[in-house]
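By letter and in written order, the chains are A, B, C and D; residue numbering begins at 1 in each of them.
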Amino acid sequence: MIEIRDVKKLYSGMATPALAGVSLEIERGEFVFLVGPSGAGKSTLIKLIFCEQKPSSGSVYFWGKNTSSFKEAELLKHRRRMGMVFQDFRLLKQKTVFENVAFALEVVGKSPKVIREKVPAALEKVGLAGKEKSFPMELSGGEQQRVGIARAIVKDPLIILADEPTGNLDRDNSRQLMDLFARINEGGTTVIIATHAYDVVDRMKKRVVALEAGQLIRDEQRGSYDDEY
Amino acid sequence: MIEIRDVKKLYSGMATPALAGVSLEIERGEFVFLVGPSGAGKSTLIKLIFCEQKPSSGSVYFWGKNTSSFKEAELLKHRRRMGMVFQDFRLLKQKTVFENVAFALEVVGKSPKVIREKVPAALEKVGLAGKEKSFPMELSGGEQQRVGIARAIVKDPLIILADEPTGNLDRDNSRQLMDLFARINEGGTTVIIATHAYDVVDRMKKRVVALEAGQLIRDEQRGSYDDEY
Amino acid sequence: MNINSLKYSFRQSLVSLSRNFWLAVVTAVMIAISLAILGGFLLLAVNVGQSIRIIESNVEINAFLYDDADVEAIQAKLDNLQGVQGYTFVSKDQGLVDFGQAIGDTILLSGLEGDNNPLPDLIRVQVEQAETVPELARVIQGYPGVELADYGEELVGMLIRITRWLNALFLGASVLLALGAVFLIVTIIRLSVMARQEEIGIMKYLGASNWFIRFPFLLEGTLMGWFGTMIATVSLGLIYYRVVASLQRESLAFFLQPVTDAERLFPIFAGLLVLGTLMGCIGSYLSVRKYLRV
Amino acid sequence: MNINSLKYSFRQSLVSLSRNFWLAVVTAVMIAISLAILGGFLLLAVNVGQSIRIIESNVEINAFLYDDADVEAIQAKLDNLQGVQGYTFVSKDQGLVDFGQAIGDTILLSGLEGDNNPLPDLIRVQVEQAETVPELARVIQGYPGVELADYGEELVGMLIRITRWLNALFLGASVLLALGAVFLIVTIIRLSVMARQEEIGIMKYLGASNWFIRFPFLLEGTLMGWFGTMIATVSLGLIYYRVVASLQRESLAFFLQPVTDAERLFPIFAGLLVLGTLMGCIGSYLSVRKYLRV
């Protein structure tokens, strides 16, 4: 479904590339962990798949189509299919928790009735029932992160892209949410997660793609966080 | 040094208090982990010590003085003594990495010469040498977090307050930074860290204060992340 | 956009207006100030224009007649002359009385009545536009029975120059002021949208179409623009009403007659309303556009 | 604040101006527009005031004399009368010539020369201010040898009313415009500071004192204000210069003499410069203050 072919990414004004020639293929329904030290290029790779950034060279194919050639309408469609959890949350500060999650559905033109059903269900799943009316600034760090997760899963996306989705969560919450991602994955949704939660990675025994300094150094089915595990 | 006496904190408009009667004493030179599930009140407790929030009832004493009675000048002095790592980083977007870290020194009126010495040393310690000229938006999540840590330690503070300082960092980086905090603590600096990194907590065998739903449920010297460890 | 999106947009712009209440009010007030200045100036221009026209229509050609002139024939010709607004016949007797009043002492002129009267008969011709005076005077001079068709050459020349000059000045200043007002309004809206650029970027990343993002901002901007111009036009109208009232009460001068007819005031106020509302709308459009390129 | 902090503030405001270049330029331009409008209006007011004064000083009292009046004694008295700007003696012969010119035909008055002349001798008295005319006329009327001191009551009354009325209008409009300009400038600066409120909050949390945070903003605001007013005063000055030049070239009317003396123009331009710069400074102070309460 997603094919990344010899992608390089050099941010303007930077000396070293964030990605220095990465090739990777991800099939529909896969569950992939992206691991690697801070600054390795995990977020950059996710941004390329999400079309938030364009590769400096090489291409990203989505169902055989080069994402660089996407027109405005295709780009929107592409992003609507994805459930993205941003590393920096990117909640709408002006909107309440409910409105933030609902926004993902409003964007695709869902009716208020559907929204009133699905949003509380999604909030329930991430353990935020009761916080609907709060604004993001009135939430703890972990609660904000979970709003971001709820917003990603509420629209039943084709692909979930989660960038460090449990960085501000305690162990139990992290495990529950990872299990949630696994359940959603079992329903056929492709899941790609960039994470530092090595214990979760090791426990779940899914495909692991390891990056280091912009290079793909390891790609294992049923892998683990470390090489020498 | 810090004495928290029966502190309650109810954010305006909220039904349940973030802290519901917490008492705690922290001596000079201690190393304390604050643990607890997401939304337990860890950040709120740290904000009370930092005087970012005021308690709804009860008091926080700093060297015997009630922080609620701090005047403007005392408040500034109080904050300047602290090295604070914010959960949401709070970097100055308009400034480069170097300027962000330097700002903590400029605030206390250090000379450019001192700044030119200390800032690179602090960036070196958190592994960000070479990123001086980048703006926060041009950094990875973990790099931003480390800028926040560098800014906290550069001024040789009396107390380090770190709210989830390793949430966006990989395992190796996390361990190195926790070791850095431990070394600084050995030099006599009081360190208070709110964290979900249970492995680090368990490994370091320091004092652990556990919160849950605004209640202090455990306070152990040489404790661990879980109760039944 | 389907119907859900449309409903969403309407609801959203109201919610956003209420959450950014302070910003919205300030924006509306600033739009109001900009437009009130522009509108006040336009009212001034219209009134000065009217005063000039009144002065112009008071410019007269004095046609001095021979004693044996056929007054009725001349009047008939004047009736058909283009550019003539009206005329008055002043007999030599009446002329003497007028002169006495002008110098302030009628007694001094006693002994000049009747056959001693040195003054000729006279027709005062009022014209429509000062510019046509020289030409008309030439024509009237040619009529049989007219000894001399006279008009203060200097005064008329001056009037024509003043008119041309003021017209150029007011046109230039209007254009400058209008551009200034537009720039102010668009920039104010841009600044208030800038405070929310992050929000716009996030919406874009969530797959919202440009129109979906833009529409609430457009509605908001239109509402603010409309509200601002309402403030501007209403307060301008009230102030103008008071000024007009005090002007008329004072009856300052025959040529300081304020413009009060609706046909000429309406376009100004309506124009301001349309300009402000459009500016609100277009300003939002342009401001948002900048941040939509993510 | 020690010397390091001061150096830091200066460096910081320059860095910040260059990083927020677009915002700074827009702010300066908006300050320029606001002040140019205010300044243009003040120039207008000054010129209208001058025109009125010219017209006033052309208001005359006509003192008609008895044939046996002691002209020199009257002139001596006028020399000592407060409020009198000057006077001209017009003999009855000269009066007749003038009258002939006024009605446009000297031939008509032939036969009235010499002893037949019905006109009296006359002294035209120019006054300094229209308001004093009625009183002065009363005084002159009382001089021996003066038959009648006359002065177009209506015209003078009108002039006095117009002057009072325009003064009130200009004062009101100036105050309104100045308030509007101040509001615009302060709000523009506030909006541009608002974009950086987060930054201010963070600095506060890092233990920066209010002055330490404020100072770069103050410098920035002062610079923007100063730059904006420089644009305003320079372009206003250029436009005014051109308008004056074309006015003088046209020599439109004796009473449309533009104000050109530095003593009266300087306060306006200097006032604008001070106002704009102060506004930049005070506006920043107030805007930042709001976000310092963390």
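In this text, contacts are C-beta pairs under 8 Å (C-beta built on N, C-alpha and C of every residue); 3 or more make two chains touch, one makes a residue touch a chain.
Quick caveat, the model's predicted, so the values are computed rather than measured.
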Smallest count of steps, each to a touching chain, taking subunit B to subunit C: 2
Chain whose Cα centroid lies at the greatest distance from that of subunit C: B
Mean-CA-position distance for subunit D and subunit C (Å): 23
Distance between the centres, which are taken as Cα means, of subunit D and subunit B, whole angstrom: 62
For subunit A paired with subunit B, centre-to-centre distance based on mean C-alpha positions, whole Å: 28
Distance between the centres, which are taken as Cα means, of subunit D and subunit A, whole angstrom: 67
Chain contact graph, described as a line, ring, star, complete graph or other shape: ring
Those chain pairs that satisfy the touch definition: A-B, A-C, B-D, C-D
In the complex with subunit C, residue positions of subunit D that touch it: 26, 29-30, 33-34, 36-37, 40, 62, 64, 99, 103-105, 108-112, 118-120, 147-148, 150, 158, 161-162, 165, 169, 173, 177, 180, 183-184, 187-188, 190-192, 194-195, 243, 246-247, 250, 252-253, 256
Subunit D to subunit B touching residues, read off their complex: 1-2, 4-5, 7-8, 16, 19-20, 196, 198-199, 202-203, 205-210, 212, 294
Subunit A residues touching subunit B - in the complex, by the definition given at the top: 11, 13-14, 35-39, 42-43, 87-88, 138, 140-143, 146, 163-164, 167-174, 196, 198-199, 225
Residue numbers on subunit B that touch subunit D, as the complex places them: 50, 52, 72, 76-77, 79-80, 82, 84, 86, 90-94, 103-104, 106-112, 151
